[in-house]
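Going by the order they are written in, the chains are A, B, C and D; count residues from 1 in each one.
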Amino acid sequence: MNDLVSRFSAVRSHTAALAAPLSAEDCCVQSMPDASPVKWHLAHTTWFFETFVLEPNEPGFEPFHPAFRVLFNSYYNGVGARHPRPQRGLLTRPALSDVLAYRANVEQRMQAVLARQADNAALQSLVELGLQHEQQHQELLLTDVLHLLSCNPLAPAYRDALPPVAASAQAPDWLEFSGGLCEIGHGGSGFAFDNELPRHTTYLAPYALCSRLVSQAEFAAFVADGGYRRPELWLAEGWDWRAAQQIEHPLYWRHAPGGGWKVFGLYGEQPLDPQAPVTQLSYFEAEACARWAGARLPTEAEWEAAAASRGGTGTQTAEGSGLRDLFGSVWQWTQSSYAPYPGFRAAEGAVGEYNGKFMVNQYVLRGSSCATPPGHARLSYRNFFPATARWQFSGLRLARDL
Amino acid sequence: MNDLVSRFSAVRSHTAALAAPLSAEDCCVQSMPDASPVKWHLAHTTWFFETFVLEPNEPGFEPFHPAFRVLFNSYYNGVGARHPRPQRGLLTRPALSDVLAYRANVEQRMQAVLARQADNAALQSLVELGLQHEQQHQELLLTDVLHLLSCNPLAPAYRDALPPVAASAQAPDWLEFSGGLCEIGHGGSGFAFDNELPRHTTYLAPYALCSRLVSQAEFAAFVADGGYRRPELWLAEGWDWRAAQQIEHPLYWRHAPGGGWKVFGLYGEQPLDPQAPVTQLSYFEAEACARWAGARLPTEAEWEAAAASRGGTGTQTAEGSGLRDLFGSVWQWTQSSYAPYPGFRAAEGAVGEYNGKFMVNQYVLRGSSCATPPGHARLSYRNFFPATARWQFSGLRLARDL
Amino acid sequence: MNDLVSRFSAVRSHTAALAAPLSAEDCCVQSMPDASPVKWHLAHTTWFFETFVLEPNEPGFEPFHPAFRVLFNSYYNGVGARHPRPQRGLLTRPALSDVLAYRANVEQRMQAVLARQADNAALQSLVELGLQHEQQHQELLLTDVLHLLSCNPLAPAYRDALPPVAASAQAPDWLEFSGGLCEIGHGGSGFAFDNELPRHTTYLAPYALCSRLVSQAEFAAFVADGGYRRPELWLAEGWDWRAAQQIEHPLYWRHAPGGGWKVFGLYGEQPLDPQAPVTQLSYFEAEACARWAGARLPTEAEWEAAAASRGGTGTQTAEGSGLRDLFGSVWQWTQSSYAPYPGFRAAEGAVGEYNGKFMVNQYVLRGSSCATPPGHARLSYRNFFPATARWQFSGLRLARDL
Amino acid sequence: MNDLVSRFSAVRSHTAALAAPLSAEDCCVQSMPDASPVKWHLAHTTWFFETFVLEPNEPGFEPFHPAFRVLFNSYYNGVGARHPRPQRGLLTRPALSDVLAYRANVEQRMQAVLARQADNAALQSLVELGLQHEQQHQELLLTDVLHLLSCNPLAPAYRDALPPVAASAQAPDWLEFSGGLCEIGHGGSGFAFDNELPRHTTYLAPYALCSRLVSQAEFAAFVADGGYRRPELWLAEGWDWRAAQQIEHPLYWRHAPGGGWKVFGLYGEQPLDPQAPVTQLSYFEAEACARWAGARLPTEAEWEAAAASRGGTGTQTAEGSGLRDLFGSVWQWTQSSYAPYPGFRAAEGAVGEYNGKFMVNQYVLRGSSCATPPGHARLSYRNFFPATARWQFSGLRLARDL
C-alpha cells in the first residue's frame, strides 16, 4: 500500500509537470471536438478519483464543487449528466488555478483515504485503475496540446530543447513467425484493462513482421510516388475521406521553403528526420502505405504473438536480432477492428463504460509511443482510434503472409 | 457452356421481372445517396457485362452509347470516370425504355460471344461473376425501391398480393457448439467471391447459438422496455447516432392508430407479425437488442462453423433439431468487422475492386434474406454493411458464451 | 365572366402544353431542394383551385384525394400540414397520369362552379389569383426542369427546335432621369399581387439607366478580366459564397472544347451568343459585374419610374430611343431588398401567406423573361429571389448616379 | 491636435479597462465563429493603427511582429492574407501579455507620429477613423465575452456590482409624424462613417412611433401567448430558422426554477426586469413581436427623421414628451435592409472595405446600447447585423402607419 501511495503521488505529479510549460491560455483552448483542453484533462483525471474513489469511501463526502461533477464527467452515463464534449474549450472558468486547487484538494483527501483503508483491495484496485486512466490522459494531454499548437501560424514549440538525435539507418529485416495456436491477452497478475481480457487461444497462419518501423524517408517516398493520388492504394472509404478533406501528406508535415518537408512536433517545426519513424498517421494512410510497399498491416494477434516471442522491450533491444521499437516510439496500427475478446465481460457499474462501449468502428494500435508514460504499456495493451484519427503518435510496422 | 447460356438468360430475365411491377417514375428516383434507382441497377448490371466481357471479347467492339461508360460505372476507378453516386437519380435520360433497349442489345451480343467462345474458361468465369453481381443487385433493387416507397405518404405496396402467413410460434432453443479448430471460407469448386477465400483455419471457444431468429414480438418487447432510451444497452457511437437521428424504432415500423405497430414492407403497410423475424435493423439496433436479451451477436466464424455442422438449408429444416432460417428469411448481423481473411488476395485488374477496398468500418452479415435470389447464397457468403445501415432485410440471431 | 372561363381554360392548357415535351420521368425528379418536380407544379396549381375555390364554393365538396391536400400544399400554414419541400421528388406516386386526371377533374368542377356563380366577384377575384399563381408556376416549371436537364451529362434539350437568332449588336445608350417625387406600385384597376400595393410616393435622386441589358459578350469580358477572382468586385458575403461553392462562371456556362463558352438552355447546349443578354445570374454575380463595369444595379423604384416614363413594351421598342428588353428577355436584378411598401397589408386568410412572409433576405427583380407567360408581367411587378439564386432567367441592366 | 492626442489615449485606455476584469483565459477563447476573442479585439484595433497610420507615416517603419500583420487582419483583402475568422480562438500565442505589449508599443509610436505631424489633416482623419473603429470593437468586446460567459454553466458575471435599478413603468405613447420630404444621413462637420453619407432626401408617409422600447414584461407576454409557436407571426425564413434551431425564447433567457424567467447579462444571472427593455433579440424575433403587437418595425428613415424632430438624447428626456431611450439602452431593429444611400461612394483604398461590402442580407439597427461607448453614436449612425444575430444588445421600438 505504501507503494500505491507513492505511485499515486508520482503519477499525479507527472501530469502536473506535463502542463507546467504551458500558459493558462494554452491549457484552456480546445482545438477540435476530438481533442480536450489540458485544463480539462487535469480536472477530469481528478474527477475520476473524486467520483469513483472518494465518494463511496470518504465519510461525509462533499464534492469540491457541485458543478464539477457534470463539467468534468467525460462519458459515464452511469454517473449522470455531462458537459458536451465540443464545448469543453468554452470553460474559461474554473480558471487553471482553480483546477490546480481542485487537484491539490482531491490529492490530499485521497492520501487520507489511502492511509485509512490500507487493506481494502477493492479500493486499491480502483485507485490503480484511476492511475492507469490518468496515464492515458497524460498521453492525450500531449497529443491534444500538440494539435492546438499546430494550428498556430507561429508554430510554437511545446519543448524548448533540441529533439533527440535520430539513430543511424538500419536495414529492415523480415522476421518470420510460424503461427499456429497461440495465446494472447493479459495473463499475469499485474494490472490490465478489461479489454485485454480474457487471455485466450487464437490460431495464426505463418507470417512475417518487419524488424523496424516505417521511417519518415520511406513515407516521403510513398508521397513522392503519388501515394496520395492513387486510389488503387486506398480503401474506398479512406480515399473518399482523403479527397473530401484534401489530404496530401501527414497532418504535421509542411512543405519546406526550398523543397522537402518540415515536420511539426513537440520540439516545434523541425526538418524531416529520414531515419525517424513516421508518425501522426491515420489508419487509412498507414494502410495505403503498407499496400504501396507490397505489404500489409499486421493483425493485433500477430503483433502480440510476435512481440511475445522475439520482441525486445523498449528501444534498447539487443543487436538487431528482434523487433525493434515495439514500445516508446510510435503506436503501430493493426488491421484489427477493436472488438471484444471471446468471453469479454465489462466491469460492473459505471467503470464498465471504460472500454466495451467503444468497440465499433475503431482500429487497434499496439505498442506505445514517445508520449506514453514509462511503464504504462505492455504486450497485451490495446490502444484504439477511428480510422481517420491523425493526431496521435501513430505509425506502422509492415507485415506479410508467408 | 449451354448451362451458362441458359443461366445467363434466366438471371437477366429475373432482373427485368423484378422491375416489371414498377412505373418508369418508380424506376428513376433515388431516395437517398446510399440507394440507387431501379433504372440504374438495370443499366449498371448491363454495363458490367459490356465492360468486362464484351469489350475485351467482341471483335470490333463498340459501346452501345459512349456516355453509358461513365453514367453506369459504379465504383471502378480502374475503368475511368464515373457519375457521382448521389446524382444517379437525376438521370431522367436515358429513359427506362432506353435502358431496356440497352439490356436487350447487350444480351444479344453476349449470346453471340458465349456461342463463339464456348471453350473460354476465363470468359465463362467472368460471365459467372457478372451473373452473381447481377443477383446481388437484384436484392439491392428490392431494398432500394422499398426505401423509396417507404418515403411516400401513400404507402404504396410493391406487391399487390397478401404477405405469406407467418409460421406458428416456436420456442427458441440454444444449440451448443464445442468450438476448437475449424475451417471457414469457401472450399468447394463452385463459385465464390474473392472475399470468401482462402478457406482457412480458425480457433473458436465454446459457444451457443439460438435455433431461431429474433422475432418481431421480441423486438417489440425490447422497444417497450425502453430499449431505445437506455444508453447502457448501446455502443457509444450507436447511442450518439440514435440520438442525433432521433431513432425510436426500426426504420419501417409505424405507430398503429389504436396502439401497437404497423410494419411497412414489400406488401405495403401490414400489422406487426409477432412470429416473423424482425428486419430492417441496423447493426447498432441488433447489437443493443442482443445485449438487452443477455446475449450477444455471433462472430462470422461461429455462424459459419455452426451452420456447417447443424444447419438446415432454407426454411424447411426438419423438426426443430437445428438452426432454422439460416437462409431465405433475413440476413443475420455478426459482430465481425468486415476484414480480409488470412492470405486474402484481390483479383487482378478492375474486378479486383469488387470487394477488398470496402474492408473497413463495415460489419458482416451471414445467411440470406427473402429478397436474395434463390441459389445465390451459401455457407461461406459474406454480406457487409456499415453499422448504421437500416434499409436491408437484416435481423439477428442470438449467441452466447458457454 | 365568360372571359374568365375561357381564360381559365387557356391558362390551364398552357401549363399542360409546357409539360407535354417531357416524359413521366422528367416530370417526377427534383434536382435540388429549391426546385420542384414538374409533376408537383402540375398538381400544386390544381390544389390551389381545389383548396381556395372549390372547397368553400362547391356544394358537398369532396377532395379528389384526401392525401393530396397535404402532398401538394406548398407553404400555407393556414391550410394545415404539408409534405416537406426537399422530398417532393420522392413522390413517384401519384403517377403523372394520376396528376393529369386530378387536373381534369378539378377543371371540370371549376367550370361548373364558375358557371353557377357568374356574379360572385370575390370568387372571380380568387380565380384570377389562382390563374396568376399558375402563370408564376409556368415559369418555375421551365426553370426547374431546365435545372434538372442541366444536371444530366447527356445535355438533353427541352426544345428540339433551333434557338431564335440573336438580334444584331446595338450600342448601349445611357438614358437619364431627373428623379424627384414619383409614384410607384400598382395603380390601375387590373390584377396585381398584394406586394405591388399600395401605390405610393417615393423620392429619387437623378440617375441613368442603360438602354439595353448586359450581353453575354460583356459578361464573358468580365470573366476574362478575372471577375470571379477579384474580391474587390464582390460583396463580402457573395465572395465567401463564391469561394465555398467554387463558382467561376454562370451556372449554365461550360468551357467549349476549343476555348470559349457553350451555354446550356432550353434549346440544349449552344455556343455563347455574344449579343444575347446574359442570364441565369445570381444577385451576387450581377452586382459584381455592375461594379466591374463602373456602374451599379438600379433600385426597383428607379426601374419602375424609368420604365413608366420611357420604356418600350417588349422587344419591339421603336428605334432605340427608350429602354429595350424591359420585358420578355431576362429578369433584371435590382439592388432593392424585397420589403413591404409603405402601408402594405397582406390579404386576409391563408392567401395572405402568398407574399408578405417572404419579405426578408431576398432581392427584387423587375421586368419579365422569355419564360414568363405573355401578358403576365407589368410595370409594377415584383419578382424576388435570394441573392444566391442562379437558375432563373435573371440578368441585369446597368444604372448609375448622375 | 492636442485634443486628438488625448482622445487617442482615452479611447485606448477605455478598451484596456474593459478587458481588465477578465483573465487571460477569458480573453483567449472564441465561443462561436461570429464572436472574436477579447485578445483578438485588443490586437486587431492595434493592428488598424499600425497598418493604416504607422506604416505609411512612420519613417523606417518596422512591424512589431511580422506575423501579426496576418493574424490580426480582420477582412481587408486589400492588405493581404488573414487568419481564418473561425480560428481566432486557437491563438493561445501571442499571450495576452504579448498583446498588451503590442498595444503599448503601437501607442507610443502613434504618440510620436501624432506629435510630429500635427498639421496632417489626412492623418488625423485616419486616426479618428481608427478611434471610431476601436469604439465599435469596445462594444463587440463586451457582447462577445458575454456570449462566452453565457456558454459556461457556472454563469459567471462580467461585472460584480449589482445591476442598475430599472426605472419605474411608463405607459407607452404613440407619437405621430406627418412624414413628407425629409433629409436623412450625416450632414454636419463631425465624424461619420461612409455608410451615413451622403445626406439625402427621402419621402415618408405619415407614421407613428412608440415613445418607449418594448419591455421585458411585454416580450414575456409574447412568449406566453405562444409567440414562438405561431408561424403566422413570423417571416417564413425566420420560422424555419427558429424551428431548426429549436429557439423558444431570447438567447439569454432561462427558465427560473419556480417559474418565470432569469436573464443572463453583464451582471450575471438576474431575475427578469419587467420594466427594462428586452434585449439580445434577433431581427426575426423582433419582427414577430411587432406583428404580434399589431404594429411593425420602423424603417431607418422613419427612425432618424423622428429622432431628429422629437427625440431626447439619452435616457434623461424630459417628462415623456418625446422618444425615450433612443440611445444608451438597446439598439433598435429597423425593417430596413442595409443598403447604400443614393450616391454612396466607398472610401479609396483598403479602408473602403470598411462598410460597403457588407451591404447585403443585413438589417439596420438604430440608436445605441448600454454597451456603446459614450459619445460614439449619433442620429445618423447605422449599425447592422444579419437577421439571425442574437447576441447583441438589440431590442425594438414599435411603429405603425397612420
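By our rule, contacts are C-beta pairs under 8 Å (C-beta built on N, C-alpha and C of every residue); 3 or more make two chains touch, one makes a residue touch a chain.
As the structure is a computational prediction, the values presented were derived from the model and not from experiment.
Novice: Which other chains touch subunit C while also touching subunit D?
Specialist: Expected: no chain.
Novice: If you take the chains that touch subunit A and keep only those that also touch subunit D, what is left?
Specialist: none
Novice: Whole-Å distance, subunit B centre to subunit D centre, using C-alpha means?
Specialist: Taking the mean C-alpha position of each chain, the two centres sit 58 Å apart.
Novice: Between subunit B and subunit C, what distance separates the C-alpha centroids? Give it in angstrom.
Specialist: Inter-chain centre distance comes to 46 Å.
Novice: In whole angstrom, how far does the Cα centroid of subunit A sit from the Cα centroid of subunit B?
Specialist: Here the centre of subunit B sits 37 Å away from the centre of subunit A.
Novice: Quick check on subunit C: which residues sit in contact with 2+ other chains?
Specialist: none
Novice: Going by the touch rule stated at the top, which chains touch which?
Specialist: A-B, A-D, B-C, C-D
Novice: Can you tell me which positions in subunit D touch subunit A when the two form their complex?
Specialist: Where subunit D meets subunit A, its residues are 23-29, 31, 67, 70-71, 83, 87, 89-96, 148-149, 151-154, 156.
Novice: Subunit C touches which residues of subunit D in the complex?
Specialist: 75, 77-78, 181, 200-205, 231-232, 234-239, 283-284, 287, 335-337, 339-340, 342-343, 353, 357-361, 387, 401
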